[in-house]
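Here the structure comes first, spelled out in structure tokens, and everything after it is commentary.
By letter and in written order, the chains are A, B, C and D; residue numbering begins at 1 in each of them.
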Amino acid sequence: MSTPKKNQPFVTQIQVRFGDVDPAGIVYFPKIYDYVHQAFEEVWDVHVGKRYYHLIGEERIGFPLVHSEVDFKSPLRFGDRPIVKISCFRLGRSSIGLHYRFFVADVLCVDARMTTACIDLDSMKSIETPPDFRARFEEIMEDA
Amino acid sequence: MSTPKKNQPFVTQIQVRFGDVDPAGIVYFPKIYDYVHQAFEEVWDVHVGKRYYHLIGEERIGFPLVHSEVDFKSPLRFGDRPIVKISCFRLGRSSIGLHYRFFVADVLCVDARMTTACIDLDSMKSIETPPDFRARFEEIMEDA
Amino acid sequence: MSTPKKNQPFVTQIQVRFGDVDPAGIVYFPKIYDYVHQAFEEVWDVHVGKRYYHLIGEERIGFPLVHSEVDFKSPLRFGDRPIVKISCFRLGRSSIGLHYRFFVADVLCVDARMTTACIDLDSMKSIETPPDFRARFEEIMEDA
Amino acid sequence: MSTPKKNQPFVTQIQVRFGDVDPAGIVYFPKIYDYVHQAFEEVWDVHVGKRYYHLIGEERIGFPLVHSEVDFKSPLRFGDRPIVKISCFRLGRSSIGLHYRFFVADVLCVDARMTTACIDLDSMKSIETPPDFRARFEEIMEDA
């Protein structure tokens, strides 16, 4: 939940709740993408400094997902409180690629790359990512 | 999925999916209210003959829940395909009370009474239930 | 998130996330029961001092819902961070009745009474609520 | 819901429900992965001829996701009833790669490739996919 130094990932924490876990004892996988969205909302609220609901409701800017690529390396279990490290792996004119890594006790459990477009929610057309937002994502850019 | 005769309940079926079940092996209870909403959407689509998404999106009429009272009598488990019988226990000027009973092999598992208001989604004010909808709910009215 | 004084409710906070809100702009009602479960897990973790996942996984004690009664008084919206006050309205030999009140800026939005049984998860039989847990619920007992 | 001829994809249908749609009017993306799991359960029940809950509960075989790659090409909306075509793009010794394509009125909306491992749920170790299951997945194999 801390705002990182430049070129450090943003860090937040997720809690695996009772209702997230399936009969096999591990997190039902679609729930993991919900965690990714929770972490994405935290990036906006805490790091960018823009509550995601203001972004959607007042600025009418949205970031729909266009591509996802995820490795599930180790299961998440009920009671786990994974640390999520979020960095930016791509910053295009109107797209943002965020890299989410979930760790439980230093074990990398989930490694997700999510590419979102930046759109105007009224026209549903792609627009350029506003420069003040772009600057905050540059701060969590991964080394080339 | 059949349209009932007058004074017979409307009947539909739910499937308990893998992601609905918790580590204790039974349906995570908030999911049961989601089943109730699924059954409610079926009442509209099949019995009333109005797709719920047309109701919301085009007629701009909504039925928010105002009161719920639910008995959980027997657990639902992964793989169950409960039959849901839906009847009307109250039909007010601008409110509808629906009674949902979930059966697995003739065992009553869930007994739910949900009272919804009828509102105009633009003004968010209570309105009279339109007479053509009201007539369909009268058909599934419980005996007094 | 504070442990209350005797006869004060336990207080926690919920955040209404993007994925919780429906096309009508308010929280999809089954999600509210999920919030109730989240608050219930917080009562265990923070007030009772027993992580809910230890309770389930190690002590093999569960608290399945047997009855719920909920009034939806005012809608919850995207971005709301309701305060939830939880008190005990009934403490039977093997059942606990908890009262959850959701407030947004002092407006009571949801008023829920949930009665759970105490069961042995291996035998799935009702058991007496262990006295150390019972003592913690007495601390948040409502006045008669 | 039909069992396909050899080298034809398996076809099923999903319904976008009220609770799946977000305030921007489109399906909340994590819900799409839940649809993928629903379609996966249908492949088992209808095409393979093994109810997924028997597989998990009785045979103690699971298919956890190890890798996903998804393109979101066009949004899914409330009321859509996408057709999902499922074919097999990879059939390893102990892994299965399934390709899910969601169409609304011939428009490809979601294109997902999900690779699952085959594991023994008791030991949580990778095992060879049983030959009778393997044979059914060969029937929906994509052309090389």
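One rule holds for everything that comes next: a contact is a pair of C-beta atoms (placed from the backbone, for glycine too) under 8 Å apart; a residue touches a chain by one contact, two chains touch by 3 or more.
All of these numbers come straight from a predicted model, not from anything done at the bench.
Engineer: Comparing each of A-D, A-B or A-C with C-D, which pair has over half of its contact pairs in common by residue number?
Structural biologist: Of the listed options, the interface copy of C-D is A-B.
Engineer: Report back the single chain whose CA centre is most distant from the CA centre of chain C.
Structural biologist: The chain farthest from chain C, judged by C-alpha centres, is D.
Engineer: So which has more C-beta pairs touching, B-D or A-B?
Structural biologist: B-D
Engineer: Could you put a whole-Å number on the gap between the CA centroids of chain B and chain D?
Structural biologist: A distance of 29 Å separates the two centres.
Engineer: Could you give the separation in Å between the centres of chain B and chain C, each centre being the mean of its C-alpha atoms?
Structural biologist: 24
Engineer: At what distance in angstrom does the C-alpha mean of chain B lie from that of chain A?
Structural biologist: 35
Engineer: Considering chain B alone, which of its residues make contact with at least two other chains?
Structural biologist: 18-19, 23, 28, 30-31, 34, 37, 56-57, 78
Engineer: Residues of chain A touching chain D in their complex?
Structural biologist: 23-24, 26, 28-31, 33-34, 36-37, 56-57, 62, 64-72, 75, 121
Engineer: Which of the residues in chain B end up touching chain D in this complex?
Structural biologist: That would be residues 17-19, 34, 37-38, 41, 51-54, 56-57, 78-79 of chain B.
Engineer: Mind pulling up the chain C residues that touch chain D in the complex?
Structural biologist: Within the complex, chain C contacts chain D at residues 18-19, 21-23, 25, 28, 30-31, 78.
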